[in-house]
Every structure is written in structure tokens, then in C-alpha cells.
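For reference, the structure is listed below as C-alpha cells.
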């Protein structure tokens, strides 16, 4: 961290400032020019509050040199993290599609869809049992029962499964689940992140609607700092002024995250657009951008889906998407 | 809810559609014009998924006539909700300022600040024991010990107290706290909202960084639908492209929320701006806009604050703010 | 347009309202249900101010059924518009890359770059002579002299050329230019749009930093309504809260615009990202999304570029991009 | 400007870099620490492209120490700029309200409204003759005829007048106009700004919908750098994700601009909210924030207004607003 002092700062003020920094456990290196005095802070500055330092009278500006995330940082971990679930690997250059219904509605429904998405090439089954819904009056998922059906579909098809967890108290219900998903609205539910960090299950962490990529990586850091290195990042659209799509897929997140972090990156075009007919082109974009895989909503009867029917593909549409995506992936 | 059909929709399609709506428990009223066919949906449409309906082939557009929130809606509850904590009332036209440090750091600190803010006219003491921090390496609060100190400050000064809760599992620790605060990042932590809805404690619900006012009211609805009517809304700045302030205080939220809802409204200029010297003018704005009160960060030594020092006022600055705000409130 | 009346609106009020609509040249079709009264407005409603109608006391809500743009609308012009410049066609399924420097700096520079981008497969040469710069102290372009050099490069290489126009008064200087570019900041400079509408030159219209896709199409409509049907739409990134890239490329704009309009669509990944190393993956995304082509900044010596060097590719990087993009295009 | 070099940068690279900076007319001051090497750039750095410098391989980060605006900067011009039009002064602590219709519709209309707003305490008359409308089919204003009526209203009432200019070619028509308004959509129409900078008329410059405050000041700088120091800044709402109001009034712009610049600041609550009943509370906020005045839309018959009727106040509503605002101003 570099702090640039205002002109006219006195020797005494500088002394006081450097003592204060040293009390916080960092060493100071002073560069006095006839132009400007600069303090370089050496050591672990991750707990220093830049906004507070910037607000001090004698400070012109402050700049972090190093990113505030460590364990998620590619600089300290140059090789890609590879995550294994069942016989599937994520992050090693292979391309994995997680597909299934927004909500698990019945045993028949989830098994039928699981077979359909497997036939089309999906390698992981998704399905929601706990559903975060804006309205308390909307369908909230089948909860424990839903997870039971999901595990049956896993046994039936051999596909590893991913489903969302909304509260640390529910963790015991997820024992047979392969990947725990943290939704966009919970990306900064830090108590949940810490609880997941104490497990060893892979966690797919969705970017919050208005979270920067640095904040996404800091949330990954919460999980990793608590002991769980198995984090998968997921871009699922951000909130902007545009209303033609539900959110705006920030596909540039893929190369930016690839550069900053070693964690695998998944793109979710279903939630990003909210419109079934835009899912295929956005899936192709995510693939072209270099993602490690996709998460796609598929339903055998979107019109009857209990949630997010508007953005669900039929199995036939999903098969079409898979073929288009395979061609793009082959072209990379 | 009104659904406008596309031209050329056949009788059979209309029949199929109305049956589908009726299966979902609403009645249909058909208006056929030579211009357009319109279906009015009558009954409780709060669980109908407008995005799904809009995605159907035969639908031109869909429009909710009624807001999706009920218990928070002024239409069904014209009188202002008044919340009592200790001998303080919020929402009855009085003006309450909740003030105190971002983080509780020690018994001495919180008691000293409590006395200072009470002397300046604050009616409620704020102080954080559980701190949501972007970085896992930043100070996370004193937790149980912090709440103990806060309660001591309450006993010492007689001020009711407000502090943030981040996880339903912590609820037992908050028994002597007067108002539970839900932070911006947890505004859509629905499991937490439901747990708070099962208590009878007043809840101050902060607007999420990128949440619409309708979403804020839907989150209030979660608490109220679970049985707790004592919700206070809080505008604390939204995320925009502007970086001169940490967030952008959306002060128009005050008249909009006042119109839509009967719940009390508090403005938090400290988090909205993130800069101590902008807190006073923004506090004056919030007052002029008609808020029921303010939440302000005050610290006896902002430079040494363990969190959010950049936006904290000294007791002297706070006193100055209180005088300015009192003049504005008198002018209304 | 559909206007839904509030319950309790009297016969007299309805009469007054319909007369008022009829004075504005539209016919009214009334649907009275026991549920709600709805007025369908028939005829050309493009000049009716929906916000004003919505603000009337007796109105519950208003909804446009038809889009406000006509000439740019695919509904009224189902076939793709194909634009010809020299021996290049845009919009007929071919893929065109417009490449060159942000600013034209000298005759040698533009000719050298023109040859390089042609060799790599670009079909159109771009280069700025009038530069919109945030600062009045930044390099503003070579103006007339720059256009002269650009035309020389065109003669030397045979490539048609595109360059930005910032003011209608400059039009006479652009006689030999093939495509006139309107920059993001001028997307709603309506006087300029009208002046360009009176020419017959193709116009590449860049989306404003915070313009919706409907607003982009309304600006295209300005040009077309003035008599010039040769408009090319360009997505170049929108302003969001994210700062990892200069702007956020909204690649979902491609399928949305394709659906709404028959005009060709170009993606500009250079301005969207502002960072040279992200240009290639975003170019691949734009191609995968189905754009008709790309606009890319190329400079033989980015470090010495007089503007936008940070996002310019070297000829070698551009060649690499062209090969990647060709593979994606072939995979579609 | 401070450039921080990456570790491992060689002596030769540093030499090359400093030569390159010196070619651009700035001197370099080198601070070599064992921690980091920093180059301080001395002299006029306003034309140095920070993004380009940041993109160089050997650069860790770059930071401007000084703001890129000079003439608009309070640092170099500590006293408030005071602008005189007729017998009205703006920026000297007095409070001026500019009121009138969005569009001038007839001689009778503008004179009637002028008298009404004068009676209520407005000191400047506003009225649009050239109207920037999203749709080419919407009413575009009476143009020359409108300005004629506005001047008649000025003569009738003695109020100085403000009206919008959209194109430098129209300047001769504005000879008798007191203040030229630049609309939000033209804030970065740099050719128009330069043309206005060559006049000596006061210019009210509206902030663009997605412009930062720094960009607003850079646009003011364009006018001032061309020779015209008489610029008035106007906050009129920014584009965000929230749709309850047309735009979001960023009232914190007032204290931020006050700190950065010496230019007068006006708040426009009519365009910010787009809803007549929110104009009064937002006018009160703007006043409480410390603005030098307001711009308010008033129409004797909002329902019949040819543009922006939804946000126009009646003369009675305007009078009520003026009384509320006067009380707030007196309380400051």
C-alpha cells in the first residue's frame, strides 16, 4: 500500500502517522522528494482500512498495490484449481454443463429432466429445493423433500448434483449433495460463507447483482479462509439500467476473473437474460469467452414450472444449445 | 393483473389459457374488442409469475394492477405504523436520531459515545457487535461481548439500542436489544427475514445496494408475513456509476416509500456517502425529504475506529449536525 | 396503447378523457368489465406522451402495445437491411471487421496501419479525425487534414473508410468518407442525427453509455425518419458500477436488437473493455452472439498512440484475433 | 501524477520511460525505495493519458494527484463565481428559482405562466423552444417562434430568461436570451460546448444521465477553456436501476461540487423525478443540500402540456413549493 502525503505535512505529523501505521503491524518506508512524500507500507496490509487512511487530513491519496484477496489470487497460486465431483472435473480445460429445473417439483419431474439433460450432454444435474423468491407468497421449494428427489435422480442417472443452500442451519440436509450453490442474494451473507468454509464440499458462488468482481473474489476468500479451497465462481448477470433483459450478462467477467484468480468460472445465461430465447446465444458467448462451463435451466414443461418458467429451455431446445456450444468450444 | 393477448389468438388458445389461470386459483374476466382481447385476473394474483405469463406465445404483455406487497401496503393500512421502543416512538411525526459507533470496541468506548450522543439529542444508541465486512481479514466485531457492552451503555444512559443481526442462529444473544438491524447485504437473506418475522422485536431493514423500492417492501413483507408488523425501512444509498461518494443517497425514496407504505422511514447518510464531511448536508436532505429519523455514525476518535472511521463524526460534529437538522425539521 | 382506468372513474370523466384522446388524433375503443374499464387507443399513438397519461388522476396504468419505433422495426420490415460500401456488404450474413487507429496521426501512420489490417482480413478501415475527448486539453484529432490522410489510405488499399462526425457543420469535409460514425456521447444529439438523415451515406450509430436499446433504436429512427435508411447499430459497452473494465459490454444487445430491428449490428470490444488484452475474448463473444461484424482499434505502436493506446492492438495481436474470430464464425 | 513501477523494472526501462514522459513535456522526479520505485511527474500533466500509462508493462499503477480540470477548480479560484443576469445574481448566497413550462406553446401561454411564476417568487423564466425528444415523432418545440414569445414574456415581466440550445448553428437566434441551457444529452457535445465558450453568455450545463461529477466539471472546463467563465452547473438526476422515479436525484452532488468547484449549482427536481407530486420534497432537499437555486417546470394546464406534463406543477402547487423552500432556505 502506498500513501501519498499532502504538501506541507510536517515532520511531526509524519512521525505520528508512521507510528500509527506501525501499531497496526506494518512497516513504513518513506520516500521524500522535493515533489511529494510517499509512504510505502510493507507487510500484511489486508486489514488496513484504505477509506479511513484516505480521510485523514494529511493524506492526498492511498493506493493498494496488492489485491486484498490472497487465497483466491492467481499471483500466489498460478495453477488452475481443479475440482472433482464424482467422475467430473471442473477447471482442467474440460467443459461442464450443469442443467436441470429451477425448482424440483416431484420425483418424476426431476428424474425425467435428469435423463433428458444427461442424454443431451450435461455432466451435472441442477435443481432447486430451497428457492430464494422476492415474494414471501411465491413457491419456496420442496425443501428436504426436494433434496431427497434430487438424490434419487442422482442415483438413477449417475450425475453429480448441485443445489442451493440459503442458511447454515440447513447444512445437515445437504450431506449427499455434490456441489453447494450460494445464490446472488447471499453472496455477502458472510455467516453462511464461513459455515460453508468449514465443510469440504465444492461451493458454486454466484456473483451478486451489484457486486464487483473484487467483491466476488473477497466472498470466495471468506470460504477459502475458513478452510475450504473448493470454490467455483459464477457470473450470472448484473443489475444495470437496461430492462430488455432481466439482468446484463457481464461476459468480460470471464477473462478478468481468469487473470485475477485460479478458480474455475461458470456462466449462467438463464438468470442473466431471464428469457428462454436469449439463453442459447448467451451460452455461446460464455463459451467463447473461455468459461469452464455453464449452468442452464431446463424443464420438460416450462409453462407449468413452479418458478422461472420464462427462462427455462425444453429438452429439445437444450439439445440444440449443447450442439451449438460444442462447436464453439471446439473452435477455441 | 391484466394480460393482453396477441392478435390472432384463437378461441381454443384462449380457453386453454383461462383454464390454466383458473387452475392457479384466480378467476378470469374476458374483454374482447375488435382491437384486442384482454384478460383481467381476479383474486389473489400474488403468486402468479408475471415473467412466465409474459413469455407465453399468445401473450402481448402483462401488467400487475395491484402491488405485490400487501401487509406493507398503505392501501390496506392507511394509518402510519408507530413503533415504540422504551419511551421513544417512531413513525408518529416525531424525529428520532439513532447514533453511535460503527463498531463497539470496548465498554468505555460505547458508554462514552452513548453519553455524548444523548447529550446532543440522539434518542437511540447504535453500535455494531456483528460486522459484515467485505474482507474476512477485517475486524468482524466483538460479537457477544459487544452486545454486553451495548446493554451496559443502555442501562447507563437509558437510551434504547439498535444493533445488526447477521444470522438467525445468533438470535438468543439479542434478547435485550431493542431494535434488530438487517444490513443492506442481508436485505434478501430470506431465511433471516423469516426468523425475525417470528419474533416481536422491531426490525430496521436496510435497502440493498441495488434493490428497488418494491424489493425493499417485499423484504419487509417477508418479516410481516411471518407475524412481525414492527418494520422500519431504511434508505442508505444505492450503488451507481458515481464514485465521488461511496454510494448514492436516493433521497426520493422517502416520498415514494411514504406513498406506498405505512412503515416508518429512516435515512442513513453515513453509509450513503462514506465521507464524514458530506454526512451533515445529507442528513439535512433526509430531514427535508420527510424521513422519520436518521441513523448516524459517531466516534470519539474516528482515526482510531476499528471500522468505517472515514465516515464517522466526532461528538462536536454530531452536535452541529443535530442543530442543523432540528432547524430543518422545525421548518417543515 | 392501452389505458387502464381506476375503479370509480365516472361516466363523465371517461367521456372527457376519450374526447381528449380523440383531439390528439387517435380513436378510442372502450372495454367495460365489472372488473376494470380499459381504453384501447387505435391509430398512430407514437406522439402520445405515456408519462403524461399515466399521471392523470383517473388512470391506473398505461401500456404501449407497439414499439415507438417504426422504420427501424423488424415487424414492418422483416428482411435484414443490407448496406453496401465499395465492394463490401454489411448485414447479409457476411462478417466485416472495421479496424484501424483511434486517431489518425500522419499519412504514414494511417497507410501503414491500413495495409496491416487489410493483410489480416479487415474489410473496412477506421480512423478518427475528429476526436471527442473528455478533456479540452487532450489531443482533439487532425480534423480536415486527418480526413485527407484517411482518403489517401483508402486509395492506397482499396478499403472503404469509416470516421466519426461530431457536428453537422463539418459535413462537407466528409464527402469521400464511406461510413459516418456517430459516437456514444452524440447518440442523442438529435440535430446531428437529423442532418445525417438528410444525406444518403451509411451511418454507424454507437449506443450511448447509458442508453437503453429502445433509445438506440429511437435514435436510428431519427436518421431514418429524415430520409436515410442506411443505419448500422453498434454496441460498445454501457456504464455500470463495475470498474474492472472501462465499460461493460452488453453482448445480449445483439440477439435483442436482431429481434427488434432489421438493421445490421456491429460490436466494438475495444471501447467496451478499454484494455487491449480483453479485446480478443470480447471480439470472440460478439461474434458468437451473432453480430454482423466488429470494430477494432489497431495501432502499430500503441505506446505512442495519441489517444486510446491502452486498448489498441498491435498488427500481430490483431491477426491473432482475426484467426480466432474466423474460427468462431465458421462454427456458427 | 504519480506512476508506481513494478518490481524488477530495469534501469534501462526506467530511462526509456522517463525520456518518453519528458518528450511529452513533463519533468520526472524519481523516488527509489527498497520497496518500490515511484516516478512523480511535474508540470502540466493534463494531456497525459493515464489509461495508456497504466497499460504499459512496467507500470504497477498510476494516480493523478491533481484534478484534470483547472479553470473550474476551486483550488485555483477559491471564491465563488457570481453570475449576473439582469438584476439577478447567482452564486452569491442568494437563492434563485428558474420556473416555467417545459415547452413554449404560444404567446399567451408563456406570458400567463411567466406572470404566475413571478408572482410566486421565481426570479428567472424558463421555457423550451428547441426540445430534445427521444422520438422524432414527438413535438420538437416552436423553435424561432418560441424564442420570440419567450422574449415577449421577458419584456412583459422583466424576468431574465433561460432556454435550451441544441446546435451551434442556432446561436444567432439566442441573442436576447439571458442564459443558454445545455441539456443532459448534450453535456458531452463538445463542439456545442466550444461554440458556447466563444460567447460571453451564461451557460447552465446539465449533468448527463450517466456522467460523473468529474465529467460534468470537464465539460464546464470546455466552455471555460474557450473563453467563457460564466458556467452554472445543474444536477438533474442520474440513470440508475430504480424505476420508481424517472431518474435518481443525486443530491450529494451539491456538497461534492461545492467542494471541487467555485461555479454556482442549481438542482432540477422536475426532470430528476418525472412525477409532479415528488417535485416539492425534492426541491426541499436540493435547498437543504445548499444549492444556489432550482429549476422547476410549471404549467397552467399540465394535462394539455405538449411535453413533460407529468412532471409539471400548477401555479398553485408551485406557490406552495416556493413557500416550503423559503422556509428551508431560512433555516440554513
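Lettered A, B, C and D in written order, each chain numbered from 1.
The criterion applied here is as follows: a contact is a pair of C-beta atoms (placed from the backbone, for glycine too) under 8 Å apart; a residue touches a chain by one contact, two chains touch by 3 or more.
Everything quoted here is computed from the prediction, not taken from an experiment.
Peer 1: What shortest step count links chain A and chain C in the network of chain contacts?
Peer 2: Counted as steps through touching chains, the separation is 1.
Peer 1: In terms of C-beta pairs in contact, which of A-D and C-D ranks higher?
Peer 2: Most contacts of the two pairs: C-D.
Peer 1: Mind checking chain B against chain C and telling me if their interface is mostly the same residue numbers on each side, over half, or mostly different?
Peer 2: Chain B vs chain C: same; shared/all numbers exceeds half.
Peer 1: Let me spell it out: compute each chain's centre from its C-alpha atoms, then which one is farthest from chain B's centre?
Peer 2: Measuring from the centre of chain B, the most distant chain centre belongs to C.
Peer 1: Roughly how far is chain C from chain D, centre to centre by C-alpha average, rounded to an integer in Å?
Peer 2: Result: the chain centres lie 26 Å from each other.
Peer 1: Just give me the whole-number Å value for how far the CA centre of chain A lies from that of chain D.
Peer 2: Computed value for the inter-centroid distance: 39 Å.
Peer 1: Give me the residue numbers in chain C that touch at least two other chains, ranges are fine.
Peer 2: 210, 239-241, 243
Peer 1: Can you tell me which positions in chain A touch chain C when the two form their complex?
Peer 2: 210, 212-214, 238, 240-245, 248-256, 259, 272-273, 277-278, 281-282, 284-285, 287-290, 324, 327-328, 330-332
Peer 1: Mind listing the chain A positions that touch chain D in their complex?
Peer 2: Interface residues on chain A, with respect to chain D: 2, 4, 29, 31-36, 38, 40, 42, 60-61, 63, 65, 210, 239-241, 243.
Peer 1: For chain B, which residues count as touching chain A in their complex?
Peer 2: Touching chain A: residues 20, 46-47, 49, 51-52, 54-56, 68, 132-139, 166-169, 185-186, 188-192, 194, 208-210, 215, 218, 221-222, 225-226, 239, 246, 274-276, 302-303, 305, 307-311 of chain B.
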